[in-house]
Amino acid sequence: MSLSFGGSSMLARQIEAGAPADLYLSASLDWMDHLQARGHIDSTTRIDLLGNHLVVVAPRDEGFALTLAPTFDIGGAFAGRLALGDPSHVPAGIYAMQALQALGWWPAMAHRLAPAGDVRAVLAWVERGECAAGIVYTSDATTNPRVQIVATIPDSLHIPIRYPVALVAGPTTAAARRRLDTLRSPAAQAVFHRHGFTVLTAQ
Amino acid sequence: MTLTLRLQRQLPEFRLDVDVICQEPVTAIYGPSGAGKTTLLNLVSGLARPDTGYVELDGDVLYCSSQGTDRPPEARRLGFVFQDDLLFPHLSVDANLRFGYERVQPAERRFEPGQIIDLLEIGPLLGRPSQQLSGGERQRVALGRALLSSPRMLLMDEPLASLDQGLKSRIIPYLRHVRSDLGIPILYVSHSVAEILELTRQVLVLQQGQVLAHGDFSVVSQDPRVLPLLDEFGFENVLPVEILNCKESACTARCGDQMLRIPFCDRPVGTRLFVGVRADDIILARQPPEGLSVRNRLQGMITEIAAVGATRLVTIDVGHPLVVKVTPEAVADLALAPGLAAWCLIKTHSLRLGPEID
Amino acid sequence: MEILSPAEWEVLGLSLRVALASVTLTLPVAVGVGWLLARCDFRGKLLVDGLCHLPLVLPPVVTGYLLLLAFGRRGWLGPVLESLGIRLAFDWKGAVLASAVVAFPLSLRAVRLAIEHVDPRLEGVARTLGAGAWRVFFTVTLPLAAPGLWVGALLAFARSLGEFGATITFVANISGQTRTIPAAIYTYLNQPAGEAAALRLVWISIGLSLAALVGSEWAARRSRNRQATP
C-alpha cells in the first residue's frame, strides 16, 4: 500500500477530482465533511481516529512567561509576529485562531500573525528566531529540540482537534479494510502515543 | 613627427618583434596576410598590450613596460580606421561623427565638423542611420569620425580592402587630402603595393612578425627577401617617368636619360608618374638586338645577381635599379656577372601605369 | 457589478509592486554580472556561473529556506540588516528579495547573451575615439544590448508574478504585505468555496503576463530597429 502525504485540503480536492485513493486520513473535520456531503467517502466507515493538543512554543533560548487568561497582556509578552498555520485554511491555524478568540487575544494578535502554509514552516520560523512565538501541535513540539513549550492550550478553547479517517467511496478491497482496522490496533496506538497524539477510539 | 616603436609580443604562430623609428608623414606597413600588421596597429593604439616594449610619439611616452607606463587607448589620441568601418549601428551618421569630437576639449580640437564634412563630402549623409550607407560612404564617415577626434596620428588598417576598384580610386584622393591638407601623420597598413604608392614611398615590410625592410620603396623592393612578397601582389619594379608626348596608341616618356614607350594615358605633357613592370616581364640581352617588336631597350650595368630559390634575380642599373628574373642557365649561357653592361627589353604593354608623383 | 473585490484589488496591487521592484533590483545586478561573464576571463568563472543558476535548479522552498538562513534575524546577514533597520521577514521587501533571487538566473542569461552579441571591436573603436571604459559601456555596449535587456526584464517580471514557493517559505502569506497573486490563489483554493475568486485571479495573471509579453516585445523590437542592418 502506498502513502500520499499532503495538506488535508489538497488531498480532499484530489480525491474530489478522482484520485485513486482507498483511505483518507484528514487533519480537519471540515474537509472530511466536505467530501462526505458530496458522497466521496463511505460514511459507514468514518470514525474519529486521533486527537491532538495545541501548544505555544518559543525559540529554545528565548522563552517568556505566558498565562492563559484573558487578562494576560499577550501583546506585550513578546515582540514581533506570532507564527501559526494560515487560519484561512490550515487546520492547525483554524484551531489556533479559535483559541485566541476564546482567550480574547484575537484583537491584539490579528495583525501580528505570520500565517504559514503548514506547521513545518511555523516550526522553522520559531527555530530561527524569526518569530518569538508560534502555535503548533504537541506532536510537533515534543520531538523538536530547538523550541521550548511555553504553554499548553486546553481543549476547551477550541473545537476538538480530531483526525477522522474513512474509506473512500467506491469499490474497496479487503486489504483496504484491513488497513483501516490496523490503524486502530494496540500496536498502532503505541506509535501514535509516542509521537504525541491522543488515541480516541480503541478497538 | 617621430614615432618610436619597440614592441615584442608572442603570438600563437610567431613572435612579433619590431624596432623602428618612423618619421615620414605617411608610413605604409606592407606584408602578406597573417604577418602581424593588424596586431602591430592594435599594439600601437593600446587596444592590445605587448609583452614588452616602448612606444613614444613626439616625445610623449605612451607605453613603457620597464617603467609600467601604459596609457589607455582613450588617452593616446590615435585615430583608428578599420577595414570594416565599424560605425556605431545605433547612432546616426551625425552622431557617429560627433562621438569623438565631443570628447575633445574645445581648446584641443584641431578640426571642426563642417571642415571635415566638406573635405570628405559627407554632408548629404548626416541625418541617415549609419546602416543605410554604401560601403564607400561608410568608410568616408569612419574616416571623418576618426579625424574629428583630433588625433595626433591616424592608424589605418586596410581601410580600402573591402571596396571595389572603382570605389577605391574615388576614396584615395580623400586620403591624399588628409595627408597633404590636414598634416596628420598616418600609419597605413595594406597588402596592395599600388594602393600604398598612391600615398607614400615610405614602406615598412612585415613578415611573420619581423621587419624585413624599412625605407623608400625603391630600396626596399630590391631586397631579395622582399621580392617574393611583391611577386604575389604587385610589380617588383617601379620607375618614375615624365611624359614627353602622347599619340593615339602610346606615349613617350623619359626615365632619367632613357626613353620609354608606355601605354596610352590621357595625361598632359610633363606629368610625372610611376610605371611598374614585373621582374619576369623583362628580357636581358648582352647586345642590343635587331628585328624585334620590342620598342623599349634600356641600357645599364649589372650590379648584383642573387639566387632566390630556383631563379636568379639580376639587378641592373639603368639610371634607376631594375630587377630581372632569369633562369640559372641563362646566367651561365650569357656569362652574366656584376660589372657587365646589358640591355633590358620591355614590351610597351608590360608596363603598367601607376599613380602620379606629386 | 465590481470586477474585483477590494481584497483582490489589494492582491493585484501588491503583486505589481513586488514584481516591478523585483525587476528593478534584479536587472542592474544581471547587467553587471552578465558583463563580467561575457567580457572577462578569470579563475572560478565557471563556479560563479553555476552559482548564479542555483535558484533555477533548486526547489523554490529550498531557495526560500536558504534566504531565511542568509537574511533572517539569526541569519548570516541578519545582524547587518538589523543594524540598518531593515526587516525582510513577513514584509513585502522580503517578497521582493525572494522574487528577485528566483528571477535572477533568467534575466542573467538574456542579458549576458545580448552583451556577448555586441561586437567588441565597436567597444575598441569607441575607446580610440576618447571614451573611457565606463563611457563605452553606457554609450555603446548598453544601447546595443538593449533588446536583450528588455527580454531579461520581461522574464524577471513574469517569474516574479508567479513566484510562490520561496516567498511563502521566507515571508509567509500575509495579506497586504506578502499575499501576491499566486499566494492568494493558493489561499482561495484551500477554502472550500474559494474557486470563483481563485479563477478570477488566474485570469488576471494571464492578462498581466500577456500585457508584459507584448510590452517587452514591442520595446525590444523598437530598439532592434534602431540598429537594423539593411
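Order of writing sets the labels: A, B and C. Residues in every chain begin at 1.
Basically, a contact is a pair of C-beta atoms (placed from the backbone, for glycine too) under 8 Å apart; a residue touches a chain by one contact, two chains touch by 3 or more.
Since this is a predicted model, take the numbers as computed values, not measurements.
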(request) Grab the C-alpha centre of each chain and report whichever is closest to the global C-alpha centre. (result) C
(request) Compare the CA centroid of chain C with every other chain's and tell me the farthest one. (result) B
(message) Using mean CA coordinates as chain centres, what's the gap between chain B and chain C in Å?
(response) 55
(message) I'd like the Å distance between the centres of chain A and chain B, where a centre is the mean of that chain's Cα atoms.
(response) 89
(request) Averaging only over C-alpha atoms, locate the centres of chain A and chain C and give their separation in whole Å. (result) 36
(request) Spell out the part of chain A that touches chain C in their complex, as residue ranges. (result) 7, 9-10, 13, 30-31, 34, 81, 83, 86, 88-90, 113-117, 121, 124-125, 128-130
(message) Applying the document's contact rule, which stretches of chain C touch chain B when the two form their complex?
(response) 119, 121-122, 124-133, 135, 139-140, 143-144, 226-230
(request) Name, in rising order, each residue of chain C that touches chain A in their complex. (result) 65, 68-69, 72-75, 89-90, 168-169, 172-174, 186-187, 189-192
(request) Spell out the part of chain B that touches chain C in their complex, as residue ranges. (result) 45-47, 72-74, 76-80, 82, 84, 86, 88-90, 99-100, 103-104, 129, 131-132, 145-146, 149
